[in-house]
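Just passing along the structure, written as structure tokens.
Just so it is clear, A, B, C and D label the chains in written order, and each chain counts residues from 1 on its own.
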Amino acid sequence: MVAVTVWNEYRHEREDSDAAAVYPNGIHETIAEALAADHDVRTATLDEPDHGLTADVLETTDVLLWWGHEAHDEVADGVAERVRDQVLEGMGFVPLHSAHYSKPFTRLMGTSCRLQYREDGETERLWVVDPGHPIADGLAESITLPETEMYGEPFDVPEPDRLVFVSWFAGGEVFRSGCCYRRGNGRIFYFRPGHETYPIYENEGVQRVLRNAVAWAAPTEGSPRTFGERE
Amino acid sequence: MVAVTVWNEYRHEREDSDAAAVYPNGIHETIAEALAADHDVRTATLDEPDHGLTADVLETTDVLLWWGHEAHDEVADGVAERVRDQVLEGMGFVPLHSAHYSKPFTRLMGTSCRLQYREDGETERLWVVDPGHPIADGLAESITLPETEMYGEPFDVPEPDRLVFVSWFAGGEVFRSGCCYRRGNGRIFYFRPGHETYPIYENEGVQRVLRNAVAWAAPTEGSPRTFGERE
Amino acid sequence: MVAVTVWNEYRHEREDSDAAAVYPNGIHETIAEALAADHDVRTATLDEPDHGLTADVLETTDVLLWWGHEAHDEVADGVAERVRDQVLEGMGFVPLHSAHYSKPFTRLMGTSCRLQYREDGETERLWVVDPGHPIADGLAESITLPETEMYGEPFDVPEPDRLVFVSWFAGGEVFRSGCCYRRGNGRIFYFRPGHETYPIYENEGVQRVLRNAVAWAAPTEGSPRTFGERE
Amino acid sequence: MVAVTVWNEYRHEREDSDAAAVYPNGIHETIAEALAADHDVRTATLDEPDHGLTADVLETTDVLLWWGHEAHDEVADGVAERVRDQVLEGMGFVPLHSAHYSKPFTRLMGTSCRLQYREDGETERLWVVDPGHPIADGLAESITLPETEMYGEPFDVPEPDRLVFVSWFAGGEVFRSGCCYRRGNGRIFYFRPGHETYPIYENEGVQRVLRNAVAWAAPTEGSPRTFGERE
């Protein structure tokens, strides 16, 4: 059992009726339910003290999922650094959708993480381009999402260590939708789907990806990370 | 000036009227013309002695482009090995379209290089996903090909060292269309477009990619590759 | 439990008294014992029919370890291809020491796999350069082997997907000693240590690496690898 | 001709007699001289206004070399961000030796960039592990530095896109000494040698590496990096 914390900004669902209709208890609760069968799951949100991410919570988290969008700037620098440091020590990190622009992800990547987007509810098809990757376990060759926000290339991230998904959009764009990275001892999986006004996290394929990603990103034992003066 | 050899199977254009209509002098001549302004270009074809690829030709070739489709098996193993060995010594290699299945490319990759395909003249859009790569120099954000054969994922190749293009197809598929590899001292660029019955190699964007790829794949000086017993 | 087959050329140990003194039952038996606590282990050797690697054996093998040196050429091409095909379908493959030059490994890599060597029993120190990798689980920061054959750079392999170990040799050389690759659905780990006249496979750190490598290379479920004409 | 700016902290050489003896005019001047034959070179130092790195200087710099050690913290955050942003837009960046810990490099990498070290003037041998890389052009198989500070693994950086050099140290350690990265459109080459109290930058091999690195890191034309809302 992997100790999972699902972090959510949790603003859209309280402020916007379209988002509330899709995720009445917040995106984090829907994701937490999707993971609960396999993993040990907690949630945390922006407006809790320390955004719900105290040192203690992070130290007892194996994998942190992160959903944020309109309030990236309200995340305290100190909390973002704490998340980054914990990833380097081995905590898995799964930023979702608009979290491409979150503080922890952009600091771990070192690049702008900018992209193109268009919000008009078009169809997306996520193709598995790496069928041997454990994050693709049990999937069909592609996942179809009838309505979603489009993200398009270029996506200003470092070349992924492994690229697992590439998205096709009805409007004519493509996107590298499932990107694996290692930073320090931590495993990072950026996964694109998840707009707040479409029921993306109810999709069975998407839920399977999230469960697989948590299993893949969980810390392993490793060997010593000793730094500094020697002998 | 880079010394280029454009190799073509040159069967479809002599046997099939659709191909002959598009490429009356063979695909190799169209490509050679597209490169001639920048580079020093020769051609070679399957039905010449040694397929036109004697040791002398290969040793004086900086970059070899390769188009083949229906007669991969007729390429002599010895010639395929000679090409592979020359690539390891530094010769650039640019397999095009159905050359994903050619002997030199599959031997250099080590994998099956299989893929999915559908021949129905649909629209393709090649997106630049690595705008900083020299093979993308001077391009727009994408290249549109109104009619082409579809290639779809999974594409059974090793994860590319750099992925430059991803294709979108009107029918709903995606494909990693521009893949960079280094093997030994040689640079390899697989480029997807180029079916024999569509005038793909007349496209200005495609021609720019070919010129860029030749410049990128040209050998550099390097340092010693010394192997065997030491001291 | 992972189904392991340990393949050994098994000639040195029958022909050379130095090797026989170190590995009286063959290298394969020493390795098999080291793995038996964690995994379900069989062995196979060159001089058995089909080299002990029938289609049935390979299809029921999760991870194949391979030790060969003086008789690479005696491995039948058909068996080498069968191994390669099985790796692409997902079987893990762990070539050891002089197996850098074996038929299955060179065919999977596509390069010459040449290197420099010197046989004079000098000290090697294997440094973990990727302490977060599961193959490094439970190791110290380095493994010291008091006497071994030296392998030096350049090593003509594709850039590894992940580099786990780098060796230091007392004589002044370095070597990329632990190299991870994925080819098709199969995971490959090349591991350098293992000369036939030094008791390398008795070393506790080396045995831990082998057990870790088997666990890491075991096949996962994956998603469909469907190729060919579509729709 | 590439427009180069050599940035140096320039404190040790003014404060410490050992450093002053080796680099009387500062490390930056020695490096600038080594590059001047091939490139168009300026210098900048920490104690100039804006550390000598105004927006105008950076916008007219093709490749920035960076040497810093004891005063990383005195580099203004705004200047570090300006450097990072310029790299993403295409400026080459070559951090040297203790610049592994500089603000621009750590922000571009996203990791801690920590390592092990020992200062006792031992011999280093830098091995070319990628003889086909242009940064290795014209080198011998290795470069020997008779006296230097040791840096040892683990080195907490992202897996390099290409690893060009691995160092061997007489004391028993190894280090990934020449690491290539792309971030945004910018090329980054971390190069280990260069302690302030040894005449490392007088070494002919080291000077050749610096000239090669500048040529390799220079910006290319590229294609549009367009981000934001689409259509």
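Just so we're on the same page, a contact is a pair of C-beta atoms (placed from the backbone, for glycine too) under 8 Å apart; a residue touches a chain by one contact, two chains touch by 3 or more.
Predicted model only: the values in this text are computed from it and were never measured.
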When each step joins two chains that touch, the fewest steps from chain A to chain C total 1
In contact with chain B as well as chain D, sorted by label, we have A, C
Determine whether chain C and chain D, two copies of the same sequence, contact each other through the same residue numbers or different ones, counting it as same when over half of the numbers at the interface appear on both sides. same
Comparing A-B with B-C, the one with more C-beta contacts is B-C
Chain A onto chain D, rotation angle from CA fit, given as a multiple of 5 degrees: 180
Equivalent interface to A-C, taken from B-D, A-D or C-D so that over half of the residue contact pairs match: B-D
Rounded Å distance between chain B and chain C, as computed from the means of their C-alpha atoms: 33
Using mean CA coordinates as chain centres, what's the gap between chain A and chain B in Å? 37
Scan chain C for residues touching two or more other chains and write them down. 128, 131, 141, 152, 154, 159, 161-162, 173, 182, 184, 225-226
Note which residues of chain D are touching chain A in the complex, please. 84, 88, 107-112, 114-118, 150, 152, 154, 156, 158-159, 161, 171, 173, 181-184, 225-231
Listed in rising order, chain B residues that touch chain D in their complex are 90, 128, 131-134, 136-141, 161-162, 182, 184-187, 220-226
Complex contact set, residues of chain B against chain A: 125, 127-131, 141, 152-155, 159, 162-163, 166-169, 172-174, 176
